[in-house]
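Same chain, two partners: chain A is paired with chain B first, then with chain C.
Right after this comes the complex of A and B.
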């Protein structure tokens, strides 16, 4: 009887350990996902009863219904998001890597440098945007004052995007930098020493030893940074308010405005989220496959 | 020891799951607490000095009405978040508010969600009449013949000026005079006005120009007409101040840039609502170098555009006459104690307050009070008025930024708005 009980506990034990994660995953990921898909086929403003509307929300998104304004707003938001992802993702992968390599080399100031570069990451995006608003103001900002220029950093294109890239890079470097520092610390010293004895220079050691050893970290930062960049909202909302003329309005901003901004079109916002998630998945998956393929080639 | 850790692990996992499960239950104040008090939840977006004042009014009310067993719990939520929360919690009886303060311009749009309790009997219950209130505020709470909002205040936009840069006798009374004075004053790094090109107060200046000239945003059938000849000419005029041959404003003034330049003494004029009198400390410092005057073209009884805060009741939570009457009592109390509200930088809707010596002593509010008496709130009975106002704001911003001509900007805004209304059917 005792053995039977022990066996039973042993069988149940793994499930109990997984249970808390599973519970939160189901509650906060799976249920909202299924609900989101279901709501995307309805017209719903939260307060009134849901009305089944079939594919109307999707038709609106693809311009097959209505005035075409919803499609125009949504796809221009998607394009702006893709622009942000394509420019910002390499910046947030390469700059932190460079910073991490420098910090690893300069051991005397390692702790200070880590704190210095990581500090912006702990600030909220609203705080960062308000700070940059003061720094970049055309007529009374510190940057223009010291540069003796009148660059319209926030109010005109392409400066509004440049400001967003500057802000996002300053804000995001620290997070990836910490991961790279951890990755670089795990590179086997004996490999580096052997390469040095064989006459490899610093550049060769980096490309042939360090980089392959931190590939997994890079893959992780690539996926997380890409997803994070796709979800960009705060910078556009607080720093530029989507302007000038909606030119920095991102997909997340359009979805947020559709759901909460005016008329609370939750059904339409859910349809937008589903289409956006599909686009996001394709991009992340392609990036992932490319990196994995690269990885396999290298190992062969 | 190994066994101990194994069992502890299991216990912790189980506890975590249970905590998460029970943590999801909603907990909130019932309408009546255990001592029999009616506890009213009052949501508002007054997050500045006005919020502190409203908290004090609520505190005083709670003290004075302790015997009548009414208690108000005020919750300050930034306006944008407030409307989101209101939409998502209006059906949750344990957390939804009973009273919500909101701009009159949001009532028609929010009414589409069927969340308001009409207050058609409030005037009779409180023994008040329309004559006692500012007309725009009183009418602003009525929608389709039903009273959905009860007035708190009116907040027009007025003209602040730097007394070191302009004498009171020089102040402009028309927009043409304003432009000429600005031209004369724009020199040596000082501008007449720093006109913000981002979505901002500039749209309120524009809409004021429009309304004070007899224009409107909609025709009688609620067709948008803010791209007509009159509107284009007003935006042209505004655009000339920034992008014309004799600009009186720097270009590309961002959000808050106008305030910074004004406080640095680099611009003569600054436009904003009455709440800024506290930011400038005008009530505490009569010798301040900042003065306030009514907007140009509003001094001879011409109409001017203003906003108005109103109390609204939520039908899901105000479920009995006892609760409703308690809400009415609180609203009336706030009205009667709105001298404090005035000190927070608002023009109380109750006119009798304006006649008191204490109110008259609030000199910086004089310009706002004069304007409030001739204010209009726009065609806010139209459910999409607020959206149209925002599209119009983008057009003003695009014109001032030099991205589009005033005609292009306004026509695009009208077309965008029409597209928005068409898509709302689906």
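Right after this comes the complex of A and C.
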């Protein structure tokens, strides 16, 4: 009898270990996924009963009705998000790499600089937006003060986007920089020395040794930065409030406004989320594939 | 002093002119980059100590002509922007979240990496593939679930949804696979049960990666902007990141007060960062290599 009980415990035990995680995973990741898809086929303002409406929400975004205001706002949000991803991702890959190389070279102050350049990243996005709201002010802002200009940084195109890039870069460099420094520190010293003996110059050493060695780190930062940039919302909502004239609205902002901005259009917002997620998936999938291929190569 | 001179002399002797020049250029470039971080921060602190009329002065200078703490006192007294309260909320929520997340994910990772059970591969595969699906789809349904559970305006609305995150399980499982199974066998012979093996043997060995995960999840939770805005109605229950969203609006063009708010919101997390900087940077570095 006793051994039977023990056997039973051994069979159940693993599930007890997984249960707490599984509970939250199912409740807040799997169930919402199914719900999201289901709600996207309904007309629902959350207060009144749900109304099945088939593909209407999608038709509103794509089909014959796709020329309306809703579709226009949504697709311009998507376009702005893509613009942000395409411009900001390379900035947040290349600038941190440059700073990381400089810090590695300046060995004497390496530890201090790592903490120092990481500082903006620990601030919350809203704090950074408040700071830049002041720096970029047309009349009393510091940037115009130093440049002796009167540029309306936040309220006019294309300056509004330049401001967002500036802020996002200032805020985001630190995180990737730390990862690159760690990656560069892991490059085998013997390889670099051997290359120097063979007469390779600094540029050659960088492109043929350092860069291939930190490929994995770069792939990781690429995926993470791309996902982060797709989800950009704070900058557009707090710094520019989507303006001027909705020129800095992002996909997240349109979805948020549709669902929670007083319109409570849950069905439509869910359909938008799914279309946006599909677009995002195409971009990140390439990254994941590269990473998986890299993992296989590394484990062989 | 003479020792210092000696060192410099030795340095110049041991290195070629070219390499000295390159190093010097690197230091100068790094210094210029540092200015980009320092100057905005200095202006923020200086402006927060100025009278509003001095901030708007055409001939504005970095160093305040007259120093005042009025901006700080007026913000701390304003009940509509309870910054200290928001800060406390943020800390409370992030700490509870991190502790629960580490416990839950390490339990799961232990099972996925060392225990045999039916459905293990399927469950793990399910989790991994869900990681690739953008989280935006879950935003609205999660709000509905939180609302149905009666958790709107409750701190747990900002803790529970994140506990389903797969990333931690994946990271810890990778690390635990590196811990030799022989340890488990030895402990089992000594009469330890699985939970004891998990708690006394595997978990202590995972401390470096747990620190990394703690930092990542803390930062993620702390910086979450949109979710707290969705699940809170009253200013009282907001986190710092979400609460400050409307801050500039309530002090339009009063930059002294805006900067005082920015400094107040940055100071506590800066102190936390400085205190744990060593673990912080080490932890992030591990994350990048293992992740």
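By definition in this document, the second predicted complex is superposed on the first by the 255 of 300 C-alpha atoms of A that agree within 3 Å, B and C clash if a C-alpha of one lies under 4 Å from a C-alpha of the other, contacts with A are read in each partner's own complex, and residues count from 1 in each chain.
Just so we're on the same page, contacts are C-beta pairs under 8 Å (C-beta built on N, C-alpha and C of every residue); 3 or more make two chains touch, one makes a residue touch a chain.
Because the structure is a prediction, the values reported are computed rather than measured.
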item: Touching partner for A:82 - first (chain B), second (chain C), both, neither; value: neither
item: Touching partner for A:183 - first (chain B), second (chain C), both, neither; value: second
item: Partner chain(s) touched by A:56 [first = chain B, second = chain C, both, neither]; value: first
item: First, second, both or neither for A:243, with chain B first and chain C second; value: first
item: First (chain B), second (chain C), both or neither touched by A:67; value: first
item: Partner chain(s) touched by A:263 [first = chain B, second = chain C, both, neither]; value: first
item: Partner chain in contact with A:13 - chain B first, chain C second, else both or neither; value: both
item: Chain B versus chain C as contact partner of A:126, first or second or both or neither; value: second
item: Residue contacts with chain A in the superposition, chain B compared against chain C; value: C
item: Contacts of A:137 with chain B and chain C, given as first, second, both or neither; value: both
item: Footprint overlap on chain A, where chain B in one structure and chain C in the other make contact; value: 13, 17, 20, 24, 27, 46, 133, 137, 139-140, 260
item: Partner chain A, residues of chain B touching it in the complex; value: 6, 9-10, 13-14, 16-17, 20-21, 24, 80, 83-84, 87-88, 90-91, 109, 112-115, 194, 197-199, 250-257, 260-261, 264, 266, 386-387, 390, 394, 397-398, 401, 403-404, 416, 418-420, 422-426
item: Contact set on chain C toward chain A in their complex; value: 22-23, 26-27, 29-30, 33-34, 36-37, 39-41, 43-44, 47, 55-56, 60, 103-105, 107-108, 110-112, 115-117, 120, 123, 126-127, 130, 132-145, 160-164, 166, 169, 194, 198, 219, 222-223, 225-226, 229-230, 240-245, 247-248, 253, 255, 258-259, 261-262, 265-266, 269-270, 273-274, 277, 280-281, 284-289, 291
item: Chain A - residues contacting chain B, complex; value: 13, 16-17, 19-20, 23-24, 27, 43, 45-48, 53, 56-57, 59-60, 65-70, 133, 136-140, 150, 152, 154-156, 241, 243-246, 260, 262-264
item: In the complex with chain C, residue positions of chain A that touch it; value: 11, 13-15, 17-18, 20-22, 24-33, 35-37, 39, 46, 99, 102-103, 105-106, 109, 113-120, 122-127, 129-135, 137, 139-140, 142, 145, 170, 175, 178-179, 181-183, 185-186, 202, 216-217, 220-221, 227, 230-231, 233-234, 237-238, 252, 255-256, 259-260, 266, 269-270, 273-274, 276-277, 280-281, 284-285, 288
